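Below you'll find a set of structures to go through.
The following pair of complexes shares a single chain, chain A, combined with chain B in the former and chain C in the latter.
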Partner chain A sequence: MSMKELGVVGRNVGQRDLESHARGQTTYYEDVHYPRMLHLKMHRSAEPHANIVRVDTSAAEASPGVVCVLTHEDLPGKKVWNGLAAVGVGPEDEPILAFDKVRWRGEPIVAVIGESAEAARAGAAKVEVEYDPLPGVFDVEEAMSGEAPALTAHWPNNHYIYPDDHAAAQIRFGDVEQGFAEADHIVEDKYQTSPIEQAPMETNGCIAKPGGDGRITVHTNTQAVHFARDNTAAILGLAPGKLRFLGGTVGGGFGGKVDVAVEPISVLAAMRTGRPVKFKYTREEEMQVSSTRSAWRLFIKDGVMNDGRIVARKITSYQDSGAYLRFSSYGSMKHAGHMPGPYTIPNVWVDARVVFTNRPPSSAMRGFGVMAASFAIELQMDKVAKTIGMDPWQLRLLNAYRNGDMRAHRKVNEDAAMVETIQAAARLAGHDLPADYQAMTSWDRKAS
Partner chain B sequence: MEDKLIRLTVNGRDEAVIIQPLATLQDVLRDTLELTAVKSGCGQGGCGSCSVLVDGELRLSCLTLAERAEGAEVTTLEGLNATNAIVPLQQAFVENYAAQCGYCTAGMVMAAKALLDRNPAPSRDEIVEGLSGNLCRCTGFAPIVRAVQQAAQALSDTGEEAS
Partner chain C sequence: MAKVRGTGFAAVNYPTGMHLGGDPTQSLIHMTPAGDFVVTMASVDLGQGLRTVLAQIAAETLGVPYESIVVETADTDTGPHCTGTFASRTTHRAGNAVVMAAQEARKAMLEVAGELLEASPEDLETDGDGNIHIKGVAERSVSVGEVAGAAHFGYGKTIAGRGAYLKPPSPMDPETGECDPDSTQAHACTIVEVEVDTETGMVEVLDMKSVYEVGQQVNPDLVKGQIVGGSWMGIGHALYETTAPGYPAIDPAPVDFQNYLQPGASEMPEVTCEVLEYPAESGPYGGKGVGEMVTNGPIPAIVNAINNALDVRITQIPVTPEVILRALDEKRAQAGG
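What follows is the complex of A and B.
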């Protein structure tokens, strides 16, 4: 097929909204103005782990310009939820507004709705919460040690149990212990990634506006408009048809706008007051409260032959989910499926666990679960190369997956390009490869 | 403190607006005059998405008290399109794919305009310096710099103003 027939491949294609952006005509959620619009601000937990003894909203209610105050008692439907409940992920563990306990610093407790953002902020600051602080746990291994406090009754050892009763997302391929026994070298290390905030230019937010027909229109910057609509309906016990979500224009998301963090409580506030309600995260909330990429801890053990072939790889990893599940079980499944990286290894063992700590809940960010795996695996490849005294480019070419190889999660490779990519990168970087490595292809392992 | 009437010129139009105490220029532009190209990424002067021109100088509207703009001439991104025609600076952003989500774009274009108004032939380093108060999170700095370079080139080729 010629390039002309392909139409767009190999050509510059116009970006539909680019001129609109350049002229300042793109309408983001908060570019919609309604008369008599109210503003919502959240009173959040000051403690990372505590029993709630008492919540007193009287001063907030009396604060000038405050119109309405919402606690967990005002929630008409669910009190706790998980965004993936509709596809069978559970149990639902996260309070929409905290009631008996708080499990991370910043957890929402009371929503305060005011005539202006400043009135709502001032009112939210006047909510009084009395805490009975509990010991917190902030490290994934400590959380699972048996000595840490259990965050919820769902998981006594603070780690997720998959619906098939497995404690981890698992890969079992070949016999990893046999591989280690036959290997010339054992290379082991521990790797740690950090939580990372997506930090979009536009913070999370929405405007919920009641209509005369009993429906609520929601202008939102969610990355997942139908998902947000369905979850909002489920949380509030509404028919989805009562909600009209308008979205699709997102001022940067990167995974940071899929948690349905603002819509349910804004819709409830709009229903209660009969007025449009805007809930916009401040930059501080976006940085400190909105979910981050999970931090991952990985332990990797490789069995390696003198010629560079990796014959066994065992990985145990811990995803720090923070205080609640959100999408972490999905993240760890992707994480496990990404093992053992773009390499064909005959014996692979992976346990990828989701662990709960008193940190802010983590969630999606570009390459959910995958980036931490690639980070650790590629550092490990360099360590292997150094240990056996082999060029790290050649080590990767030797072990790179080829078409037809069975991967550890039992998918046959069909579109490998790893060998050619490394060869091209070596050419661009001016790194000389021996003739037999230059001759390797994704179709023929025998070249090595 | 009481509400106050202020007069200012915005995009060539005389405006009289009632402001609350401590209202920012951003509040007036975005919420009163509904010039929503002005964005609000941080509200604390850290991102540049609210950048406008006040008497020709680049200003962060979120940190500018509305009161201080009394009698001033304010230009927002909307003000570049007095006629419906797209201006060369905007066209350069389009041709260089210098936006993805678009949220930083208004501030970027205004920072670029302020730069080109005072220095019509900036070096690459001067462009980077001129845009240094404006953040982009979609990894778009390189195309944005190229767009400003193209706009400066167009300016020198035609002898016209960039915007």
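What follows is the complex of A and C.
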């Protein structure tokens, strides 16, 4: 493959805003200041699963410096939503502000807007919510056992339902059972990852500023300005042209700033008060309220021949979505589509399930769906190597996909250089490979 | 009790762009009266250097100096649609949109230059330093600034371009999973050496070496920045980080960096990386995405190295001292029984 001679592409020209970042001169959303700006704080559920018996906001409304209190009754448009509803994902399941029930500890119930962050916080602390606690479920396999309480009416047995009434994002390629029957060895294991915080230096936040022209400008650190604007308009039932979303440089995203978590309620508060409103997550909210990376549990079963060829791989995955869907159905599809990793295996079976629990909702993070897949597959590869007594480098090279191979999702592999990457890494590690393994190439399966 | 060492590695692939496609990014480029160019995007810079990379791609395609490119981002009033900055998609999606917009703007620029030089636009070339001349006749030349002045004040023309990149959506077949999920795949292989204290369960990552295959690099330093940052993040995921240490229980629940542990500077090993360049057919100048994949090699490589060091089988993250000590207890119990 030859590329035309390049000029500035491929050159280290230096990051343009590096010096400005390092000197603290970069403008972030919070560097915007407006006179008479209000602050929003959320009263959140203290229970992981409960019916809401009564919400009393009178003490909050009377609290010094509180300007406005918003409950679900104040929402002019949607009561529940999902960010991907516009592309057909549904049903929408997540309340903007909880009404009849709470399904995770930290769920927003009442927004309190005050003259200062302290006044808003003090007011939010005075909201009284009476709960009727319900049994909760926290483990993905327990949630699907048939004996757990159902979190919502949408998802009987607490799992997402894919098109054609499928309980999982599926891959069906070849015949894994036949592969297992023909295999010399069966290698199985279970893998578990943890919920992890994106941990950006700058927490989620925005400032909504009403203009004199009836429009509202939202300074936000979202990773997706049009997506956030269009979802905010849809939630509030506004013409999108009423909103201008303005970003800039974001202080770290890693998937943690795609939820449209702060903008809709801030815009509503700005509309109600006619004043600029700022809503900034505390570090505590960022850690325990904002979406984490999903925790995943995977079961992998491989059929392996004595010579190292993996002839069948069966994977069952559980993505812990927490209480609501957010982008989890996308994550499990990406997870399933990634299987069986960078290897060509003739028989592949995948069920990737999105499971609902009374845990904080999870969502995107750097490598959505794929990180857990790579983690489990690469630990599995070491176990396979050990089981059959083969060099783990050779095992990976032997099975690595070549260009022209049919992948499990039935796309022909192209411009992939996995073999060359492993060979170069072996050289870097000082690991000697036999001549036939050194001669392998991604462009010819027979070369060795 | 002792400190024992082990090595491990992992090979990973990673898709470029949103899974199943359908994630557009558009770009508008216009020339100012002074002869520089403004690239207007709705994409968001997360600190990774999006403005730098898109300026490089615009300069390359336009054939003008990199310094003459301004990249404006993240305004829904002025910026044409971008799905967002995630899914390792910006260099590829936004980069391709910028190439298209810059090709159109370049064509308009060469048409005006052709009028000034009394030559056909096809016979012109740019030198990348701000001049346009007739191919093979360097002295028959105009500056980009002169072209801008003539376009604005002489001919009343815009020198501008529009670009839109969309990988058409490819829904997954619900039964078989058949789909065309990505534009290309990038690859990496990471090798790690660890030292484990069998008394305390503490793990130190001594060394991390990686090879990446990310297509044509637009800016090698920024690629390395992703790789080093991802190495750090991978160590955090592998050894320390969780918002639910009692998972699946919701307590305890860390709320700050006192309780939510991440590696500090003293936990960072030397990170070595080598980058192979196999251009991707669909990428701008052959580029693939590198943003997200950079934790995916380090995490399993670290756990494989721990298992190698201790001859145990740990299959969960984070591998905290408690996990290590329990694995060693189990190994002792099995040896004794």
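Assume the second predicted complex is superposed on the first by the 436 of 448 C-alpha atoms of A that agree within 3 Å, B and C clash if a C-alpha of one lies under 4 Å from a C-alpha of the other, contacts with A are read in each partner's own complex, and residues count from 1 in each chain.
Heads up, the rule we're going with is that a residue touches a chain if its C-beta (ideal position, glycine included) is under 8 Å from a C-beta of that chain, and two chains touch if they have at least 3 such contacts.
The structure presented is a predicted model; accordingly, all values stated were derived computationally and were not measured.
Peer 1: Per the contact definition in the header, classify A:F138: touching chain B only (first), chain C only (second), both, or neither.
Peer 2: second
Peer 1: Check the residue A:I171 against both partner chains and state whether it touches chain B (first), chain C (second), both, or neither.
Peer 2: Touch partner of A:I171: chain C, not chain B.
Peer 1: Considering only the touch criterion stated at the top, classify A:D415 as touching first (chain B), second (chain C), both, or neither.
Peer 2: A:D415: touches chain C, not chain B.
Peer 1: Considering only touches as defined above, state whether A:G251 meets chain B (first), chain C (second), both or neither.
Peer 2: Both chain B and chain C are touched by A:G251.
Peer 1: So, does A:A22 touch the first partner chain B, the second partner chain C, both, or neither?
Peer 2: The first partner, chain B, only.
Peer 1: According to the contact criterion defined above, which of chain B and chain C contacts more residues of chain A?
Peer 2: Comparing touch counts on chain A for chain B and chain C gives C.
Peer 1: So, A:Q192: does it touch chain B (first), chain C (second), both, or neither?
Peer 2: A:Q192 sits against chain C, while chain B stays out of touch.
Peer 1: With the two complexes superposed on chain A, say which partner A:R283 touches: chain B (first), chain C (second), both, or neither.
Peer 2: A:R283: touches chain B and chain C.
Peer 1: Which partner does A:D31 contact after superposing on A: first (chain B), second (chain C), both, neither?
Peer 2: Only chain B; A:D31 stays clear of chain C.
Peer 1: Residues of chain A that sit at the chain B interface in one complex and at the chain C interface in the other, please.
Peer 2: Residues 15, 17, 21, 199, 250-254, 283 of chain A touch both chain B and chain C.
Peer 1: Any idea which chain C residues touch chain A in the complex?
Peer 2: The contact residues of chain C facing chain A are 7-15, 19-20, 22, 42, 44-47, 49, 51-52, 55-57, 59-60, 63, 66, 71, 73-77, 79, 81-87, 128, 172, 174-182, 184-185, 187-191, 209-213, 215-222, 225, 230, 233, 237, 241-244, 247-250, 253-257, 260, 262, 272, 274, 276, 278-281, 285-286, 291-297, 299-301, 303-304, 307-308, 313, 315-318.
Peer 1: Which residues, counting only chain A, touch chain C once they are in their complex?
Peer 2: For chain A paired with chain C, touching residues are 1, 3, 6-17, 21, 48, 87, 105, 138-140, 162-164, 166, 169-173, 189-197, 199, 222-227, 229, 243-255, 258, 283-284, 287-288, 292, 295, 320, 330, 333-334, 336-338, 341-342, 350, 357-360, 364, 366-371, 374-379, 381-383, 392-393, 396, 400-401, 408-411, 413-418, 420-422, 424-425, 428-429.
Peer 1: Write out the stretch or stretches of chain A touching chain B in their complex.
Peer 2: The touching residues are 15, 17-28, 30-31, 33, 199-203, 250-254, 282-283.
Peer 1: Tell me, which parts of chain B touch chain A in their complex?
Peer 2: 31, 34, 36-37, 39-44, 46-47, 49, 76-78, 80-81, 86, 90-91, 93-94, 97-99, 101-106, 109, 135-138
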